[in-house]
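Chains here go by letter, A, B, C and D, matching the order in which they are written, and residues are numbered from 1 within each.
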Amino acid sequence: MSELEQAFHDLVIANRILAHQSVVDAYGHVSMRHPTNPERFLLSRSRSPELVEERDIMEFTLDGKVVGDDRRPPYLERFIHGGIYEARPDVNGVVHSHAEETLPFGISETPLKAVIHVASSIGATVPVWDISEKFGDNTNLLVVNQEQGRDLAKRIAQGRVALMRGHGFAAAGATIQDVVRLSVYLPVNARVMSAAMSMGKFKPLASGELESRGHFNPKAPESFRAWEYWARRAGVGHLLGAMP
Amino acid sequence: MSELEQAFHDLVIANRILAHQSVVDAYGHVSMRHPTNPERFLLSRSRSPELVEERDIMEFTLDGKVVGDDRRPPYLERFIHGGIYEARPDVNGVVHSHAEETLPFGISETPLKAVIHVASSIGATVPVWDISEKFGDNTNLLVVNQEQGRDLAKRIAQGRVALMRGHGFAAAGATIQDVVRLSVYLPVNARVMSAAMSMGKFKPLASGELESRGHFNPKAPESFRAWEYWARRAGVGHLLGAMP
Amino acid sequence: MSELEQAFHDLVIANRILAHQSVVDAYGHVSMRHPTNPERFLLSRSRSPELVEERDIMEFTLDGKVVGDDRRPPYLERFIHGGIYEARPDVNGVVHSHAEETLPFGISETPLKAVIHVASSIGATVPVWDISEKFGDNTNLLVVNQEQGRDLAKRIAQGRVALMRGHGFAAAGATIQDVVRLSVYLPVNARVMSAAMSMGKFKPLASGELESRGHFNPKAPESFRAWEYWARRAGVGHLLGAMP
Amino acid sequence: MSELEQAFHDLVIANRILAHQSVVDAYGHVSMRHPTNPERFLLSRSRSPELVEERDIMEFTLDGKVVGDDRRPPYLERFIHGGIYEARPDVNGVVHSHAEETLPFGISETPLKAVIHVASSIGATVPVWDISEKFGDNTNLLVVNQEQGRDLAKRIAQGRVALMRGHGFAAAGATIQDVVRLSVYLPVNARVMSAAMSMGKFKPLASGELESRGHFNPKAPESFRAWEYWARRAGVGHLLGAMP
């Protein structure tokens, strides 16, 4: 199988995992940087992630323009993806989600912190991007042009994720497996922190622990273990590539 | 397919989506204004929404009287629907639900506010209708006559939804797709606001944001995207009309 | 079908509904008074409610003795059922459950009140039975003899339900449909009250409203509607009797 | 069937139950002491519990070394199991889990107490093991060598379970059925205590009650009842041994 064919498989798997794990519903989307052309990214046409198939995948330039004469309606918020890929050459997968558990932290003054080891990659504190800071109170909160996508990417900076006030989150990963994993555990971390707060003081991960967790290795057995598990539960085990 | 045939399909889809999304259980119901006779509305016989089929649909005048000699037992609370259609010519779909997440706000002094963009149509603050204000403490809380239906509609006024104290909510939409969508995201908004409140101060949507979200366009790809997704998950994808 | 045959069907349906609605898991049980001999009651052998079939049903005298030479192990806590049937000739169905949502109220000083109309039959305030009040701190919390069953029944008094501290609840109904319905909505009421409390003051049902809800009519279309719905979801629709 | 064959069946059942009950996801694992050689334990290769089959089971010495020339990647954290088996000859089953409901108590100053009778075996107060106490702030929180496993086992002491700060819990049982049961009800107990706390004062189980609950008898009908139920729900009823 060619690298591009496996990329298409992986992007379908990512869509289905995120839907099955309730990270996305009819809304939210996941993209990957084109495996052989870093100036492009791959993203489904405007479709619910649970229904996405290979033939739904479209190709975009980093400023969100459709490549070729593909006339199918794209997601309005494809600029979230383009903005991040443009700013961060190290990023190869992006997720945008409205995951419910993260929303309270996006509208609250309480910062979301990493409190469990499976979510260590979110960093000590997750920044919040409020579209009204730069674009005023009269937007519909959606990221509908490259300027807004760039501003959001700036808030992520060298991190992995930003909450979007009243809207959801945008996350970035070295690989698509990496960003899917972060997107699954970010809501869990949010629920755990909320529950711990309601009982009083709590202890977030120490900075040494955040660093020691180090960089995600998608080829490690424990990484593939989760990707395989989530894919099988989501009914797309047959699209998995060879076991590393 | 005729307009009326598609209306019957859409009403069955709406019932199944609301059941599958846990907005209704054995109780709660959804109606639509008759597509060619605005003085009538369509609503299932007294049946759990998950089990509703086309042949269960009955026709009512706006004051809740059964049209024709249909002897099947109707819902006791059909006056919720009639009262709203009578007062609001712009409304073509109505939902009544006991959705658990909205109930705390109906009995609390804390007003429910729109905090997430997908629920912007509920308005800045959702009014609460307490049946005892006008009808005293000796009702069984049900809306069982047109006078009560009209009083509830008055509380909704030019808005989209009212909570019903100790009971649930009633929502109105320009189309049946519109009111189903609101009914799916209203409970999510309620959960998010509860969770944010428990952490301290929170920021609801700004009034400019509420206005900018503007009017729901059921023909937009992103609207059909959700309707299609929810219908397929609920097992009634085969009843969907042509893709817009 | 004879009255006894329908009783067996109804008892299987009740077991499956309670399991499917997560009111019981491996533990918890439901019984009915024998339809033609009020001095007996019917209850499964020691088996998880989701797995109960007609042939698992055993017959007991009101003091918890097995009728006939049935040697299969009965539930240890059959005395919950016997104690209530003995004290309350008006009761024909009993449920014992560990439903998680009710447990916090059983160990808390906060009394559980009826706050939603579908749970009005629980009464203004649900009493708590603490086994240690009469039987000391050295029990295993289980109701394992008729004396304990009678003491629990006394706490229910003329009501419908009592919470059991650190353990669950016991509920009584005029019919098996009635007590199943109460057992489904009691946990919902508990969650709603918890959530409302966390936001501040809340308004429970008024005493006039509790009375106006009146007596449950299992033959009304809106009662059968729920029984049918829950039975079909639990996969035992084929055991339903004729539609009233 | 030989004792070893039934052990393999039981270990697969345990994996599937824990996955199906959401005690583990892609991570977490369950082991059993070898039924005929107490110096060995059985544990799956690095695989998600929901996918574990008999052929995935590997054999280890108590210091976590693979027996034989099995080259398949083991779980990194097998030392949790070895550490406990080494310290506690009475223990024959061990579970490690990230169960979300227990995590808040692992990072909070609020101790987790037994509040419901089905969780009485966790003891009056569950100790918390914080890896940084002995191993500093620069670990990745994982238990990756025998020294760490031994330190964790020391925190469990003569008890049944310890929470692991920012990570999950480790539990020990006289049999695999025993530790699975504890692992299912520990999260329930945690949720109930959290909810009760949010309403004010609450009453944990009394020490006499903890003692009276006594030792778990896996051969009692009420023990097999749960094991059978959970196994059937998880789709592995065919692996169950003969009914006691």
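Rule of thumb we're sticking to: a contact is a pair of C-beta atoms (placed from the backbone, for glycine too) under 8 Å apart; a residue touches a chain by one contact, two chains touch by 3 or more.
Predicted model only: the values in this text are computed from it and were never measured.
*Asks:* Listed by label, which chains are in contact with subunit A and with subunit B?
*Replies:* Expected: no chain.
*Asks:* Same residues or different residues where subunit B meets subunit C? The copies count as same if more than half of the interface numbers are shared.
*Replies:* Different: fewer than half of the residue numbers at the subunit B-subunit C interface appear in both copies.
*Asks:* What rotation angle, rounded to the nearest 5 degrees, superposes the C-alpha atoms of subunit C onto those of its identical copy subunit D?
*Replies:* About 90 degrees of rotation relates the two copies.
*Asks:* What whole-Å value do you get for the distance between subunit A and subunit D if each is reduced to the mean of its CA atoms?
*Replies:* 32
*Asks:* So the centre of each chain is just the mean of its C-alpha atoms; given that, what is the distance between subunit A and subunit C in Å?
*Replies:* For subunit A versus subunit C, the centre distance works out to 46 Å.
*Asks:* Multi-chain contacts in subunit D: which residues touch at least two other chains?
*Replies:* 198
*Asks:* Going by the contact rule at the top, pick out the subunit A residues touching subunit D in the complex.
*Replies:* 115-118, 120, 188, 191-192, 195-196, 198-209, 211-214, 221-222, 225-226, 228-230, 232-233
*Asks:* Within their complex, state which residues of subunit C touch subunit D.
*Replies:* Subunit C reaches subunit D through residues 25-27, 46-48, 50-51, 73, 75-76, 98, 100-101, 103-105, 107-110, 132, 136-142, 165-167, 194, 197-198.
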